[in-house]
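Two complexes follow with subunit A in common, the first pairing it with subunit B and the second with subunit C.
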Partner chain A sequence: MTIDDIMQIPPYSLGKDEKGKILTERLVDLTEHHRENCPEYRAILEAMGYDGRKVRNYKDLPFLPVRLFKELSLKSVPQEEVVKTMTSSGTSGQAVSRIYLDRTTSANQQKAMVKVVSDFTGSGRMPMVILDCPSVVKDRRMFSARGAGILGFSIFGAKKIYALDDEMRLDVDGLAAFLEKYNGRDILLFGFTFMVWQHFYKELLRLKGERITFDLSRGILIHGGGWKKLVSEAVSPEEFHKRLKDVCGLDRIHDYYGMVEQTGCIYMQCEYGHLHASVFSDVIMRRPLDFSECGIGEKGIIQVVSVLPESYPGHSLLTEDEGILLGEDDCPCGRKGKYFEVLGRLKDAEIRGCSDTYAVKFGEKYDG
Partner chain B sequence: MNNTEKYNQAFMETFELKAEQLPGLEYQAIPAWDSVGHMGLVAALEDVFDIMMDTDDIIDFSSYEKGMEILSKNYNIKF
Partner chain C sequence: MMGKEMMETLDGVSFLIGDKDIVAGMPCLPAREPFDGAILDMLNDVSRILMAGREAREYPDVVTFAFWIRRSSTLKLKERFRREDGNIRFGRGVAFHIAPSNVPVNFAYSLAAGLLTGNANIVRVPSKDFPQVRIIAGAFAEALATEKNREAAAYVCLLKYGREKDVNDLFSSIADTRIIWGGDATVEEIRKSPLGARAGEVTFADRFSIAVVDSNAYMKMDDKDRVAEDFYNDTYLTDQNACTSPRLVAWMGNRREEAKDEFWGRLHRLVKRKYHFQPIQGVDKLTGSCLASVVYGAWEGENHFPGGAKAGQTAACVDRLDTLGNGESGVRIEPHTDNLLVRVKIPQILDGLMELKGNSGYFLEYDCEDIMELKGLCSDSRCQTVAYIGDVGMVGPLLRSGIKGIDRVVPAGRTMDFDLIWDGYDLYGRLTRVIDLIE
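Coming up: the complex of A and B.
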């Protein structure tokens, strides 16, 4: 099955066996492709004694630690085919990952993302409020994870506004006018978790005290980027949802899990609060001691695989996050595939979620 | 302005090009037509033709010619 065939599969339609077969075939091919085209990757496989003939299942394939993309410049295409370079978020003093995209990989990322998100929001485009500032997407050749997220989701926005200015202040009049204009329609809101909380929710709460209110009961909020900072403020996902609902009526709220190293393959949260793997990617929870696969309900380090990366060897990666597999093919929402929960960063791992690194900078600036 | 002129104008204004540079132009072939430019082009076309394009069509919109084909086939715009 080619990548173009895989892109045609409805994202949550395949059960374990069928999906496993497709992933294995594609990921073995990708391993071979990167071995041939990326010298550093080839050297790593050789050092590990990798033998492709012994692979029976995609779970047997080697995985690279995500931080390797900070240390090495890994690409499987000539530099002249690179159309876009994405960087992970990193706070000052931290190295950033560099992910090199060619036209094919970049286009497939956008396609996969549209298929995944449409399953939750419907395929129609909506007026969209971006809960961030416009300067995030200013440099067009070099995208931060935040910029990439905003840009990827922008395709769902028919008319768009940035709700924050470059000083991260809420544009109260602009937002009011926008909501007035599209009154009675579903509105898509997108932002990073910490920024939604810090610069949107808190401001709405303050405004409510001045009797300025917004009705976002027709809103659909998609947010991602990490909870770490909010955990330290003692804001749980349930609290986040409840407080937003109380302040502006917003009730359709989807968190997502994703990373710049596998853009496009995001894991969206369903109506039951579970993150879901689509047919384009998968998660495997690993035991920290021997990297064997965890059972359902057992905490482990999250490995992510994706069928998309052709221009860089990022199809199988070990993240620095911990998670728990909750089940497979039997979520009450009806979507097939694995569903899981992310517990957060491994202890002592660097802070690097887009929302979280912003939080650190924010903390440095304002908390002293 | 006829539809071809409107279509060309959206391209020329979004990417700062001249009309003779448009035929054969492909997505990602010039720096201006990157993913950011693409959404700018879509917004310009939606304004000038008063349409709302589907996400699938935005993704398939891979060249100057392909865009015309999509607009005439799916949005009843005659060139």
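Coming up: the complex of A and C.
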């Protein structure tokens, strides 16, 4: 099956065996492709003693640690074919991932994203409120995770406004006018979890005290970027949902899990609070001690695989996030494939040693 | 001596032992002779208190320290360092120690070295709450509170503070010797505080260490589990991240393969039983293995990528390494059943190899035909300890080849044994002064 065939499959339509077959075939091909075209990748496979003939299942394929993309410039196409370079946003002084996209990979990322998200929002574009500031997407040659997320999701928006100005203040009048204009229609809202909480929810709450309210009961909020920054505020996902509903009636809220290293293959949260893997990608939870596969309900390090990456060897990656597989093919929402929960970043190692450590070595990956 | 303003600088400092007045008095305190009887008595008291305490005995590093400062041990040091040249030796005066933040008992050795050489000591201990720090500081406090050690009490201040420069400035200004542990970054930080013109300084910079194993000798050893235990103590005991921990193992002799199986197999069983594994360590080792493979196998420098796109974030190691670039990987990530012990066999010793070093049970491994193959690696002045298994003679030619590195050559199992000659410094010499007496 070619990638174009795979792109035609409804994203949550395949059961374990069928999906496994397709993934195995495609991912083995991708492994071979990157081995031929990316010398660094080839060197790694060689050192690992990789033998493609022994692979029976995509779970047997090697995986690269995502951090490698911060350390090395990895691509499987000549530089002339690179049309976009995605970077993870890191705090200053920290290495950022660089992901090189050619036309094909970039286009497939967008297609996959549309298929996945439409399954939750319905097809057809909607008026869209971006819960962020316009400056975050200014430099289009270098996409940060935040910028990439916004641009990625913008394809679902018919008319768009940024709800925040560059000082991160809510544009109350602009938002009111926008909602007035599209009164009676579904509205798509998108933002990073922390931004939504800090600059949107909190402002709405304050405004409510001044009797200024917004009705977002027709809104669909998609947010991602992780909960790490909200831990200090002690906000659970349930609390997040409830408080937003209380303040503006927003009830269709979907978190998502994704990373710049596998853009397009995002894992959307369903109505039951579960993150779902589509046919374009999968998660495998691995035991830290030996990287063997975890059972359902067992905490492990998340490996992500994706059928999309052709221009860089990122089709099988070991993240630094922990998660739990909740089940496969049997989520009450009806979507097939694995569903899971993300628990957050692995803890930095506390190791002894004569040299004092000053800076944190690796920063937050999904900067909000 | 110290003005009001100076005393206020000390407001943010918390004293585990001593107080502001003791600090203020230190510059006027008489220096003592090395191995002064009162000091040896006091250290022996501390040792006894430690050995008698139930809690202390739970920490092997505390016990080892207690052994090191007991009288029979300090008298041996005295014997070794005594110089019958007719000159008079005294401590230099005030020693200001900055202990490393990640090694719990290091501060205690630094303090003991300062005391044994006759100095008054201001020691910044790790800010982290290590039980070992509490236990040792407690033992000193108890010993110093007794009447017979009243005099010695003026020579000890243990304290904690953050990274306040004004405090560093103050202590540096009164120090006759400054001892900085904690590696390059700490040395750079503390050096922002000026020392007096005649003050001396001992700096413990970032170092790395290696191991050399004669496979023939190893295979003939009876107690291979003991060897494993020794090597465990050299490495895993400090997460293989101390400056003394071997990061690379060079295998000599012609029974290498069988020796490796034995050696690593036994070590692995021990690690499985004793080591506390942290999930991120598996990811770190995988990352390290991949980087090593790339550096050796694929890097073709600027020629490979059209337009010389060497990418801004290329690993520092790739930048600095003098790489092979022949597209052939001779690297082998040795098959492993779990992430406790990861070995990467490298085909050649490259300059800057140690940029690829890892920790917590990540070993670079090299089949060495001739000890001189390590010359480049050991010419790096950051190379500190060679731990050996077999006959020490095998390292001889290397040591005499004019290399800039290697300060210690010790049997496996003893890399951590502290001595007054440490990290290439003769601490006895550095912390004392000589009155040259010509009759």
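As a convention for this text, the second predicted complex is superposed on the first by the 348 of 368 C-alpha atoms of A that agree within 3 Å, B and C clash if a C-alpha of one lies under 4 Å from a C-alpha of the other, contacts with A are read in each partner's own complex, and residues count from 1 in each chain.
The working rule: a contact is a pair of C-beta atoms (placed from the backbone, for glycine too) under 8 Å apart; a residue touches a chain by one contact, two chains touch by 3 or more.
In this text the structure is predicted, and so the values were computed from the model without any measurement.
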Partner chain in contact with A:Pro65 - subunit B first, subunit C second, else both or neither: second
Partner chain(s) touched by A:Phe291 [first = subunit B, second = subunit C, both, neither]: second
Could you look at A:Ser118 and tell me whether it touches subunit B, subunit C, both or neither (first, second, both, neither)? first
First (subunit B), second (subunit C), both or neither: which does A:Glu46 touch? second
Output check: A:His33 vs subunit B and subunit C. Expected answer is one of first, second, both, neither. What do you get? neither
If we overlay the two complexes on their shared chain A, which of subunit B and subunit C does A:Lys208 touch? Say first, second, both or neither. neither
Does subunit C touch more residues of subunit A than subunit B does, or is it the other way round? C
Partner chain(s) touched by A:Ile155 [first = subunit B, second = subunit C, both, neither]: first
Pick one for A:Glu320: touches subunit B only (first), subunit C only (second), both, or neither. second
Subunit A residues contacting subunit B in one complex and subunit C in the other none
Once bound in the complex, which stretches of subunit A touch subunit C? 39-44, 46-49, 64-65, 67-68, 70-73, 78-80, 95-98, 288-291, 301, 318, 320, 322, 346-358
Which subunit A residues qualify as touching subunit B in the complex? 83-84, 103, 106-107, 110-111, 114, 118, 123-125, 137, 140-141, 151, 154-156, 158
If you look only at subunit C, which of its residues touch subunit A in the complex? 100-103, 106, 181-186, 204, 206-207, 238-239, 241-244, 277-284, 286-287, 289-294, 296-300, 304-307, 309-315, 318, 327, 329, 331-333, 335, 337-340, 344, 359-360
The answer for subunit B against subunit A in the complex is residues 27-28, 31, 34-37, 39, 46, 52-56, 58-59
